[in-house]
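Below are two complexes that have chain A in common, paired first with chain B and then with chain C.
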Partner chain A sequence: MMELLPQALTDGILLGGIYITIAIAFSLTYGVMHVIDFAVGEWIMFGAFTGYYLNKWTGLDPFLFLPVIFVLYFGVGYLIQPVIHRVLSGTKGNPFLMGLVFTFGLAIMFRGLALTAFGFYSNSIPSAFSEGSFDLEPLGLTVTIPTVRLVGLAYALAITLILHYLLKKTNFGLGVRALAQHKDAAGLMGVNSKRTGSYVYGIYVGISAMTGVLLGCILSIGAQMGNEYTIFAFFVVVLAGMGYLAGVPWAALLLGLVQSIFMIYFNPSHTLLAVFAILYIILLISPRGLFGKGV
Partner chain B sequence: MKFGFVRVLLLIAALFVAIPVHAEQRNFFKIGVITELSGDLVTGGNITKRGYDLWAQEVNAKGGIEIQGKKYPVKLVYADAQSNPAAGAAAAERLITQEKVDFILGPYSSGVTLAVAPVVDKYKIPMITGSAESPLIWKNKFKYTFGTIPPINFTGATSIKTLTELKPAPKTIAIIGSNDAFSKATAESYKAAAEKAKLKIVKFSIVPSGQDMTPLLSAVRSMKPDVIAFGGHDEEHVKFVKALKQIGYTPKALLMHCGITDKAFIDAVGKDGDQIFGTTCWTGTAKTKSKVLWPNAAAYAAASQKAFNNPGDYTQGGCSAAGIAFQTALQKIGAKPGMDEATRTKLIQALEQIDVQTFYGRVKFATSGEFYHANVGLDPLTIQIQGGHVKTVGPKASVEAAAIYPMKEWKSR
Partner chain C sequence: MKNRGATILAIIGAALLILPLVVHDTFVLRVLTEGVMWIGLAIAFDVIAGYTGYLNFGHGAFFGIGAYTIGILMMQANLPFWAALPAGGVAAAVVALIAGIPTLRLKGAYFAIATWALSRAIQQLALNVEFTGGPDGMRLEAFLNPQFFYYLMLITVGATFAILWYLLERAPFGLKLKAIREDEEGAKALGLNPTKLKMQSFVLSALPTGILGGIYAYWITFIDPSSTLGDLVSDQAVVMVVFGGMGTLFGPALGAILIFAFKTIFWAYLSDFQLLYLIILGALIAISVIFIPNGLWGTMFKRKADATRPQHQPEPASEPAALSAVAAPEEGN
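== the complex of A and B ==
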């Protein structure tokens, strides 16, 4: 069974790449807006269907549409954020809970809307990348790397690096980090919290929608697909530390590796149990996530 | 204080006592439909809805169900089980106590059916599920629950037998099932049939529903099984085929369950769906003859194509056949809308006695044994997708086309 270890590790890393794409922007938006957006899976689903239809209508590879999808959904997120901001900045009741309920309601509404608009069948997005794989047998390793999953990992790393650059090397990023640390103080220093929040939410929705296209190429798409990804996004972000962006890739890779190794070497039916057991143990030891840097 | 405690106890007791279902006078049959119209199983739920709708549409187009010279139309009242057994049970309570339905057409999934069956037993309301296939439903011997699709342990063995008759005969098999009542039962029935056929089982795994199975399939690939058999639902079928293709492993035969007979599966996976085997009990080309509503399978498929732009699959057909079974039993006992408990009991007896030829084939419910109240009138079929069409490749008496075996490599398609 040990000969399967290289493949198990490879599969785990590739699966981790998928989880990075789902969770990284979700973590960013939590860090800035302090809202757990339960509609993350639905943004992924909308992006997936947009890619599906663009491919169907034009016949072009869905990966070519990623920039278009990002711009389109950035706009959607930018326009929706002020509504969420209004819910979160209320003075009566508990704005945090209201934010949760609001995004939860959005998720249910989006799911119903998708069911009506896209129908109830599962679909798949064809891509040239879905066809091939890299076989490492000539190198003496019994490892196969599906091209589309490798593209997924590259996409995950690219998004992570771009976000890192944006946050650490630009004035906009400085404003975002200031906002994440202390909203009022950032405001006093000249950061426009409303506009910056809208940009961040737009970036998050845009990245989530692009992720949908990727997932549609690797797995499948359907009007109800979002729920599963919301759970995993939430899981990764909690494990990484709420709002701690740098922890997301490590948490995602850990999750992917646990899942892969457990599926191969232990009882696959208990995979999710193992994943959640690890989450609970880590949170017991370090309640602020893997690196103790979450909110 | 003591009085208050007694009052609470009385209140709790009142909640647990079944509210008597009173008959309502009306000139149409009010039929409750519980199915999964949202949630993970929304595809199957909507396919069952189509089956029930098509039956109701056809019955009403003919003026209704004729009872003693008078025609009574049917009206379907839907309740969403949300792909959740508890929500299904709550929906059944509502349909029975508030909507006061005459009888129920049951859920898509076995899990929800298992939650609804005790509720219909409690209120003594007959239910036929046109879809659920888990053997657990029938082993529980629910008096008021029937099913038109044979249980998977009745049908699953046929496909394994067909595969073992291919040349060169497969010797090894890996079996994977998703962790829900139906899919798990499918995997277990394949396992039992493979053991009986002396196929070497190199892997048997039950995986959490909806998960990415690539790591598991990578492990399976290293065992190089001749056959891979999978029990799951529509979305999982798509993911499964894509994962196998991504890791570059083509078994000699890939066997999945009936869900692959729906045109939507073939559309989703395209040429990769070709040569996949499946287990079913009905196709649009099945040789059936009937005097009720549709004369044969082809006529039903044409009606479905016209109504939904889809010829329908075995689940949809099973649901329409469930309506026909009720219709036949109602006519047999001359039951009119707004049935009382005594009439509903007679309806159960009539359902146990019916033996009717439908477009779906023979409907005859077992009255004892492990298949109690499941339809045992049908012959299971092994199908294979060939050139985008579903073809029956076994058993020998039903063959439409020779099986293509071994499967063509993914990369050379």
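== the complex of A and C ==
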């Protein structure tokens, strides 16, 4: 069993790398809009299916469509956000509760739509990278790295760096960070919370959809895949500490490791239980995340 | 208003009690039994969601836990139904207690998604362990007496309604929960213990749900992870309460009746399009949130006026007085 450990660790790190992209975008949206989006897994699922069908119709590699999918879903997110904003800035009832309920309703609707359109079967997206793999035999390690997972990691790094640049070096990023700190004060300083929120939500939906394509190439796609990824996204954000972006990569890597270790050593269908158990213990011991820096 | 309301309630109660004597159609009785059950599930959900302001998106987990507890106790421990039934409620309450300890200390968003994750995890557990029968589910001893189940469901739901009505609308407990919903820090400053109160309301919400799950299991005689622990139970509870009106007892009951009636008609005529039902449920939640954030009941009777601002009455005043006191300035806006 021990000889499988290096392989499990490698798989986990490569998978965790991809989760970073979802979790950062998810965390960013929470920071700006102060609402958890229950539909995160459904955006991933929609992206994956878009990639699947584009590949089927054109025969081109799904990776070529990533920019197209980003632009498409950026538009969708940009158009949906004003509705969420309206719910959140309502005066009747409890806007925060309503925001949560609203995204929950969206998630149910999207899942129903996907099941209607795509059925219950699951598939995987073929890509030029799906076949090849690197062997680390010469280095004395019994580890095989599928090319597609390596590409996935490169993608994750690129997205993370771009988001980092956007947040730390541009005026737009300054506005986003200001909004996350204090919404009213940011508004007084001339940050348009409505428009910035739309951009952030669009970016988040776009990234989630793109990541869905990668997950579809590496693992599989199905109309019910969204559930799992919503829980994963939440897991990463809570482990990192809500709103603490710097903790996200570590939490995402941990999630990848948990998942791959369960796939190799235990029953993979117990992954969710393990994830929940870890979540439970972390919330019990350190409610503000692994690093104690969440809000 | 109060007297008229009581009269209407008494008439409805009496009508429901004598109904099985008039109606002999088993199908109608079956539909009514399930409708009554959904009223119970919706008002139990509303205790934590509407009154306390903590959304539990995994309410179905308690229903399933109750169902499975009774199934296991009756079929594997050979306990009689009456001995197993309270255990179903207790099991749900204990799970609520354990799950609530870390999550209820935190903000609502954690709780909402953690309860949802818990319900997914429990469903996965039921699918993978031996003693639940896994994906094949579990058969219970059949007891085919529709009248018995109708009355059992009616009495359970009626008792739940009466107890919750007393606790939430008459006793100070309801006001304390509302205080937490409006301003948790403020409630703490007034000397309330929000963590304890939230735990109490979560357990209060889980207990009747578990019992109803148990009755359901014995009534339907077959339970499996997708029918009792699946998303649909939680999703329907959410839509009933949001559509009917959160933070009241009549709102969820009204929502439960309307949504369940719709579901029955939909499944009777459009059973080929079951997935469409999921889409409609989701769309209904989203649309209710946008257009009737106070739900049907709240919009019709403007009872939710007290939801937007804290009540300042030193002691629980009677409903109409409290209503006019806070509703008056609201009208001017």
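By our rule, the second predicted complex is superposed on the first by the 262 of 295 C-alpha atoms of A that agree within 3 Å, B and C clash if a C-alpha of one lies under 4 Å from a C-alpha of the other, contacts with A are read in each partner's own complex, and residues count from 1 in each chain.
Assume contacts are C-beta pairs under 8 Å (C-beta built on N, C-alpha and C of every residue); 3 or more make two chains touch, one makes a residue touch a chain.
Computed from a predicted structure; not experimentally measured.
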Touching partner for A:Phe102 - first (chain B), second (chain C), both, neither: second
Partner chain in contact with A:Leu15 - chain B first, chain C second, else both or neither: first
Which of chain B and chain C A:Leu113 touches, first, second, both or neither: second
Touching partner for A:Ser122 - first (chain B), second (chain C), both, neither: first
Which of chain B and chain C A:Leu219 touches, first, second, both or neither: first
First (chain B), second (chain C), both or neither touched by A:Val87: second
Touching partner for A:Arg149 - first (chain B), second (chain C), both, neither: first
Which superposed partner A:Leu272 touches (first chain B, second chain C, both, neither): both
Touching partner for A:Trp57 - first (chain B), second (chain C), both, neither: neither
Contact residues common to both interfaces of chain A (with chain B and with chain C): 111-112, 115, 227, 267, 269, 272
Chain C residues touching chain A - in the complex, by the definition given at the top: 49, 53, 55, 57, 99, 101-103, 105-106, 108-110, 112-114, 116-118, 120-121, 124-125, 127-128, 181, 231, 235, 238-239, 242, 246, 275-286, 288-290, 293-294, 298, 304, 307-308
Touch list for chain A against partner chain C, complex: 30, 35-36, 38, 83, 86-87, 90-94, 96-98, 100-102, 104-113, 115-116, 227, 230-231, 234-235, 238, 242, 267, 269-270, 272-273, 275-276, 279-280, 283-284, 287
List of chain A residues in touch with chain B within their complex: 3-4, 7-8, 11-12, 14-15, 18, 111-112, 115, 120-124, 126, 130-133, 135, 142, 144, 146, 148-149, 218-220, 222-225, 227-228, 259-261, 263-264, 267-269, 271-272
List of chain B residues in touch with chain A within their complex: 38-40, 42-43, 45-46, 179, 205-208, 210-216, 218-219, 221-222, 234-235, 238-239, 242, 245-248, 264-265, 267-270, 411
